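Listed after this line are the structures, all set down as structure tokens.
One chain, subunit A, appears in both complexes that follow, with subunit B as partner in the first and subunit C in the second.
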Partner chain A sequence: MIEIKILTDFTFAPGARDYDDGKDSGQEFYETLLKSKFDEALKQNVQLKIDLDGVEGYPSSFLSESFGLLGNEYGAEEVWKRLIIVSNEVALYIKKIKKYIHEKR
Partner chain B sequence: MKKGRAILISIVCFIGGVLLSYIASQYVYFKMKTEISVFDMSISVLGLAIGLYIAVTLERQKNRGQNFYSYVESKFDLLWQDFIKLSDVLDYSPNMELTEISKSLKGIYKKLTPLKTIFVASDYDEKCIIAIEEKISDFDEYITGLESNNNVINIDTFRDKITSKCNEINECFASSYKSLNHIS
Partner chain C sequence: MKSKVTIHKKHSASRARYQLKRRRWHNGIRRRKGGARASRKPLVFVEHPAPQVFDLMPENAEATIKYINLVKKIGGKRKGVDFNLKEVTSIGVGAISMLLSVMAELRGKGIRFRGTKPTNKNAKDTLERSGFMRYVSGKISLENRKTKNTIFTGKKRTHHTMILNAIHTSNETVWGLKGRNQLLYGMLVEMIKNSCKHAFQSDKDVRWHIAVNHDEENNRVKFSFVDNGIGVIKSHQKGDFFKQVTKVFSNLPDFIEGAYTEGIRSKTGLSWRGTGLPFIYESFDENVISNFVVITNEAYINFQTEEKKSLKNAFSGTYYYFEVNTECLKQCFPIEYDRN
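Right after this comes the complex of A and B.
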């Protein structure tokens, strides 16, 4: 299993949608970490576990951009079945991520 | 000890009630029958037992409702207070860091989710809490989706819309509070 723990692997304070909005954006997360880890998981045919806990909070724009791009690139169903999302602090983030992955862009 | 005493008092009251009810049923033209009618006595005991059962059941139901109301009300208050804090800060700030907004919203979600679970798991109407969740989620999407510069949102530019959305949520809280009062 491939793992991403956002708190230690990316940031303590996720930013907004894209590079124009500032650092640690959803686009930055997708391009520097999420995409490469997802490719690795596909290559090894294993699950990608993403741990959301521990950070300050997730702006919807961050989740929408990063997971929306992932769903758009690899197909919503393929992405959704390969992910294991850990969000013990706020379960609602999982619901939001599912929505953004399945949203057509 | 207290429970034993309560049972003793209940038994004494019950026997007193049975005797009173029996004597009243035997009271005819200022004459008291000296013999005991087993039938009348049984009716008295049965009548009082049924009355006692109804009273105890109603009391228990009322207590259950009140306990649930007190528990939910305290959680609901904390949730609303958190949202009021956020909307007050948004009301006065010219600019705000995105991190601060998402941190506050995370705190709100942390309180909201268990409250929603309590409502759904119980027999009470969960529409109000679901409406609040939807409104806050929409607000989150709106405010964190606003254009930012170095992760700072210029609140003044979007003030009218932000205030209107905050007011909508506060109205939703207020109407939910009214429906919550039906529980008590």
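Right after this comes the complex of A and C.
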């Protein structure tokens, strides 16, 4: 299994949608970490576990951009079956991520 | 032979005269021919009394916004503004932050301000405790100096972590623990970024203000967010999409409500793309916040009471008011990371 813990691997305070919105955006997360880890998981044919806990919070546009791009690039079903999302603090984020992965862009 | 020291002193003297001339030019003090000093015209201050009840409750919003618009008009004529709050008996924190947003815009154009505080003790205490006095270099009575209340201002490049202390201390007031509120954080970042992206014609004009007011007796924190941009309606008035969509809604408040609740998609089949308004509304829908009010352009909407009305006195920017209290979804997590 490949793992990402956003608090330690990316930021304690996620930003908004894209680079124009400033640091630690969803676009930056996708391009600098999420895409490469997902590629790695695909290559090794393992799951990618993403731990969302411990940060200040997630603007919806952050989740929409990062996971929306992932779903768009690799196909919603492929992405959803390969991801394990851990969110013990805010369970709602899992439902939102599923929605953004499946949303057409 | 002239000493090096003499030459150095001469150079310093001419440099000092040049710097003084520059400073005087900046301050508008110029010399007429013959050496007489001419100063720029003194700024004329225009006084206008604020309404007695200066808040944004539905029954008072019209009068308050009318006053705010008058302040903008005075400043637009290059005159100073004299805030006469003497007769005010009640002040809302939302009205204070709305006033501050207009002042920030006018200050950028060189307009100056002065004012009179309310005579009414409650109103004066609310004003002093709000954080407003910091922006006008005003005196604060001793008993009002210790407060958790704050007003802070940001620009386009202001880092979103500026809001963290406000969130942590609000959790302390509501839930008794200084901690993270993930969903509130997400919503505030959406408000800020939405304002930066859509409310202003130019990045350099971006100014947003957040006021946080703690009601510790009732475990409640009141927030207001204001930008003095062009408002939600005007920012979307370009192109055919707006014309198609507004045909379906009977009036602008209905349209604004639809913009936040995704009613536009369900009524028209058209996707309301490009703005974070539904992301902002989600927090009310998920009970992260309560008493959510939006005022933008001619629209006034209270999502809690479902009251909607068209305003005769439009507010050119966007104003949000909401509360976090013990009726809201409990979101209070310890801070586990070390920022240092």
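One rule holds in what follows: the second predicted complex is superposed on the first by the 105 of 105 C-alpha atoms of A that agree within 3 Å, B and C clash if a C-alpha of one lies under 4 Å from a C-alpha of the other, contacts with A are read in each partner's own complex, and residues count from 1 in each chain.
Here is the rule we go by: a contact is a pair of C-beta atoms (placed from the backbone, for glycine too) under 8 Å apart; a residue touches a chain by one contact, two chains touch by 3 or more.
In this text, all values refer to a predicted model and were calculated from it rather than measured experimentally.
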On subunit A, do subunit B and subunit C fit together or clash when superposed?
clash
Touching A:G26 in the superposition: subunit B (first), subunit C (second), both, neither?
neither
Based on the superposed arrangement, let me know which partner A:G71 touches: subunit B (first), subunit C (second), both, or neither?
neither
Just to be sure I read the superposition right, which of the two partners does A:G54 touch: subunit B = first, subunit C = second, or both, or neither?
second
Given the touch rule stated above, what does A:L7 touch, subunit B (first), subunit C (second), both, or neither?
second
Give one of first, second, both or neither to describe whether A:A91 is in contact with subunit B, with subunit C, with both, or with none.
first
Which listed stretch of subunit B (22-30, 40-48, 58-66 or 130-138) steric-clashes with subunit C in the superposition?
130-138
Intersection of the subunit A residues that touch subunit B with those that touch subunit C:
13, 15-17, 21-23, 56-62, 64, 89-90, 92
Please output the residues of subunit A touching subunit C within their complex, sorted ascending.
7, 12-13, 15-17, 20-23, 54-62, 64, 89-90, 92
Quick one: in the complex, what on subunit B touches subunit A?
98-99, 101-107, 109-110, 112-113, 133, 137, 140-141, 144-145, 147-152
In their shared complex, subunit B is touched by residues of subunit A numbered 13-17, 21-24, 56-62, 64, 89-93, 96
Show me the residue ranges of subunit C that touch subunit A in the complex, using the header's touch definition.
157, 159-161, 164, 167, 180-187, 189-190, 192-193, 196-197, 276, 279, 282, 286, 331, 333, 336-337, 339
